Amino acid sequence: MSISRDDVLDWIQVTAGILKENRDYLIKLDAAIGDADHGANMDRGFKAVMGKLPELADKDIGTIFKTTGMTLLSTVGGAGGPLYGTLYLQMGMKSAGKMDLTLEDWIVALQAAVEGVVMRGKAELGDKTMVDALSPAVEALKEASSNGRSLSEALEYSAKAAEEGMTATIPWVAKKGRASYLGERSAGHQDPGATSSYLILQAAADTWKDC
Amino acid sequence: MKKFINDPEMVVKEELEGVALAHPDLVKVNFDPDFVYRADAPVKGKVGLLSGGGSGHEPMHGGFVGYGMLDAACPGAVFSSPTPDQMLEATKMIDGGAGVLHIVKNYTGDIMNFEMAADLAKAEGINVEAVVIDDDVAVQDSLYTAGRRGVGSTVLAEKVCGAAAELGRSLSEVVDVCIKVKGWGRSMGMALTSCTVPHVGTPTFDLPEDEMEIGVGIHGEPGRKRMELKPADEIVEMLMEPIISDLPYKAGDNVLLFVNGMGGTPPIELYIAYRKAHQICEQHGLNVVRNFIGPYITSLDMAGVSITLLKMDEDLLTLWDHPVLTPGLRWGK
Amino acid sequence: MKKFINDPEMVVKEELEGVALAHPDLVKVNFDPDFVYRADAPVKGKVGLLSGGGSGHEPMHGGFVGYGMLDAACPGAVFSSPTPDQMLEATKMIDGGAGVLHIVKNYTGDIMNFEMAADLAKAEGINVEAVVIDDDVAVQDSLYTAGRRGVGSTVLAEKVCGAAAELGRSLSEVVDVCIKVKGWGRSMGMALTSCTVPHVGTPTFDLPEDEMEIGVGIHGEPGRKRMELKPADEIVEMLMEPIISDLPYKAGDNVLLFVNGMGGTPPIELYIAYRKAHQICEQHGLNVVRNFIGPYITSLDMAGVSITLLKMDEDLLTLWDHPVLTPGLRWGK
Amino acid sequence: MSISRDDVLDWIQVTAGILKENRDYLIKLDAAIGDADHGANMDRGFKAVMGKLPELADKDIGTIFKTTGMTLLSTVGGAGGPLYGTLYLQMGMKSAGKMDLTLEDWIVALQAAVEGVVMRGKAELGDKTMVDALSPAVEALKEASSNGRSLSEALEYSAKAAEEGMTATIPWVAKKGRASYLGERSAGHQDPGATSSYLILQAAADTWKDC
């Protein structure tokens, strides 16, 4: 009933694959209300993270996350780079030295990570950003936990909440990031960052479903 | 996609290799992390100037590294902000002991990356200041958005701040010059065609043969509105109106008029645009004391123009006229 | 047709009006007949330099009028040679008593019009010489054709002859410099897209999305051959091969490498082209002692590049480095 | 049986109309093997000539032709400008002071005019230029005259010969002018200058058919 170091590595690897698969999809979403790079940036970043996996084989979860964050920070660029960099760096802080994570550990790590993203980007719920997928996911995790759900059930709820958050962004007018320049014209399009956040959290639920 | 490139993933690296081969007397190029810096960096006792941003806007910023302008520039991937590690290394490379100014364009990504880099550089004991340029009047309701984008005024800020640094001014004095440009510069752009991002391979937006996009950004972001294609003079009026109605200055003031090509628009069309823009300035009693016409902030191969007005006082005139010697801008040397 | 213009018939006039408004300190514009001339013309005792040709190639030639380069330029209609009356009036305007050199690109129309103008000017007692630039190696069998076209070397000739005239050399000495450039310059160009002539409104030629035209002229004339689009490095090889195999010089020689944008190709792509061209020079033992990169001879909005190599001796280096102050080219002043 | 001053003015007017009508056609021909300006240049030139007609109302044929030539010279540009300028200037020399032209006068004028074009452009028959339409037209005039044909018949033969000369250019490889840069690729296209020359001579035959 916990996430091992190897599970974490698996998650990162699966995430890299999923972002590669969704590269053009994310580019298309970003082209509509941004600058058509989100998919390429995330793919480049996770490709670089993949190159770091060998040296992480025997490291603790904190180190894995921190290395992931640092690598994203120096390879993704754009808004996604500092935000996702921060996300993983914060996860790393909260899981420093750990070789596995319980549901509670994961809640603590993800909550801190999402707070880090909010601190860095200063986006509020409803601003049409990745925060709209990330925050509900943390809330769903907490609720599932207090309802006594299992780790894998909680992860499913969390991914589901992220997906709903992502879909909810469609009608909204963006208030942060590049899409905000569009004003009303940003309505009707799904936010690319919320989409990549959902994909990452769905990858966690899928990879860790037997944990 | 018709581009003069090899592998879309190699566009930035190969462009930098071209710059390194072409201008070894002026600049050096560091790879991994990528940045372009003055061949004689760091200049002892001089304030260092760093800018950066996504690639695809050449000559900005790498083409403006050299005497009298930037000390270094960090190129990101095409249209993506560079990363903090690039900025940190570049900042260290150009710090001549008088501190470093980061000239940042107002995009969420650029700001966050530059902020992180500044924190890291400060932690290493370098005196870093940052000024964010946000001159694009196409962005309305800027209180409810990420604010105005940074566009044309950025190049002008790099020129005059570069001169100020060269003249031995202190970091806070150079910051003051930059803040003046930030306050006195206003821009607006339009696109006749979309750009095509190399790693995407198709145009960022579809613009029918008889339509144009007004208020477009320099990354192919959609603009204020899409409308029927108009004659050049009407387009210039549509660009100048929001600029002039937003200007913090008045009839009788001196201005620099900058007509910028977006990459796919040839000089003959820029001069047709300039003609009308100059006439509109005159109608409003603005004295065009300097001008600047050419593809200085491009958006890859996008066809279109942007117009920037900057109020000029005596000091800005002196700084503008100061010699400059960079791959993309040169006079007096 | 998507262009930043008003009436297609007014393109040249309005561009000239833009030039006149933008650069009154450097040039004046005469209308009917149309020509651009140095604000301080005639310069007493200095050889006068006149060039001209169809419009649509800006900054060539009007953008190169000023200190250290041309004394006047005659713009024709888009892609059409100007007429003898323009050339005659311009020649008279810039004659400072030391004679006038006509720098002519080798096109039947240009030659015939310049010949008629020279005859008329001579009849009025002005000492006129003409040099015809014909550097385009894309034209094969030139014995059976109108000869090679004049392209990239023309700008280089204007720069160095302008310096020679400024240094007080005599008409025959300036002619010698021009003939040296004519002999030592070689060019070849290619197009990714056709240009669209304003008064025509549709592209001059259809180039499918996956094809390019090698050896194209600067007027959208079809080239040597049409072929599948290739990576930039291969294209540069295809341009450099005929240039280098035609070069009247050898390993160890110094050269100027000029990578020109055709109007629709942005700087980022020009540097990718420059990178490979420079490497090929090195492979052949040619020392690139100077370079020149940018849209200096455009073909309206055509996407594409041309490459020019010019052998440089000590004198050409001195003349190249001499200050120049024109709307389109400036250094040292 | 002669061409009056007014007939000459009519011819120029008709020519202007025909070149205007054929502007895009000539542009298309020039786009194929040249630079897409021949139609625009000729139209601009003859438009300018039309502006001179009022001041020519009471002038002799020589003056009319010379003014036409000078105007074309300073408004057409390109290769067409000096060539057609020369054509009309030479016609003007040979008809100086005349108020009407006989067939013989016209032969003398056109022959001198075409010789002027050849002198200026140095094109030979078969080089795929306007000379391929102009020269046969002169020969046809001469032959018709020596066969005792009437003026209007001779003009018809002459236009017919120009048309055949024009059509003959199609398969040829150009040896002069901008089209020559194309080498073999110029074959298969009709020469624009030969086409405008035919149009001008056909206009003469049409306008002067009752002379």
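Side notes on the structure shown:
We call the chains A, B, C and D, going by the order they appear; numbering starts again at 1 in every chain.
By definition in this document, contacts are C-beta pairs under 8 Å (C-beta built on N, C-alpha and C of every residue); 3 or more make two chains touch, one makes a residue touch a chain.
Everything numeric in this text was worked out from a predicted model, so none of it was measured.
Each step here moves to a touching chain, and the least such steps from chain A to chain C number 2. Between the CA-based centres of chain B and chain D the separation comes to 55 Å, rounded to the whole angstrom. In this assembly, the C-alpha centroid of chain A lies 32 Å from the C-alpha centroid of chain B. Centroids built from CA atoms put chain D at 76 Å from chain A. Touching of two or more other chains is recorded for no residue of chain A. Taken as a contact graph, with one node per protein chain and an edge wherever two chains touch, the assembly forms an open path, each chain linked only to its neighbours along a line. Contacts between chains, counted with the stated touch criterion, involve the pairs A-B, B-C, C-D. On the chain A side of its complex with chain B, the touching residues are 27, 31, 33-37, 40-41, 44, 73-83, 120-121, 174-178, 180-183, 185. Those residues of chain B that touch chain C in the shared complex are 2-7, 11, 14-15, 17-19, 21-22, 55-56, 58-59, 63, 192-193, 209, 212, 229, 231-233, 235, 263-275, 278-279, 291, 293, 295, 298, 300-301, 303-305, 325, 327-328, 330-333. The touching residues of chain C, when paired with chain D in their complex, are 33, 54, 76-86, 107-109, 112-113, 115-116, 138-141, 144-146, 149, 197, 199-200, 204-205, 217, 219-222.
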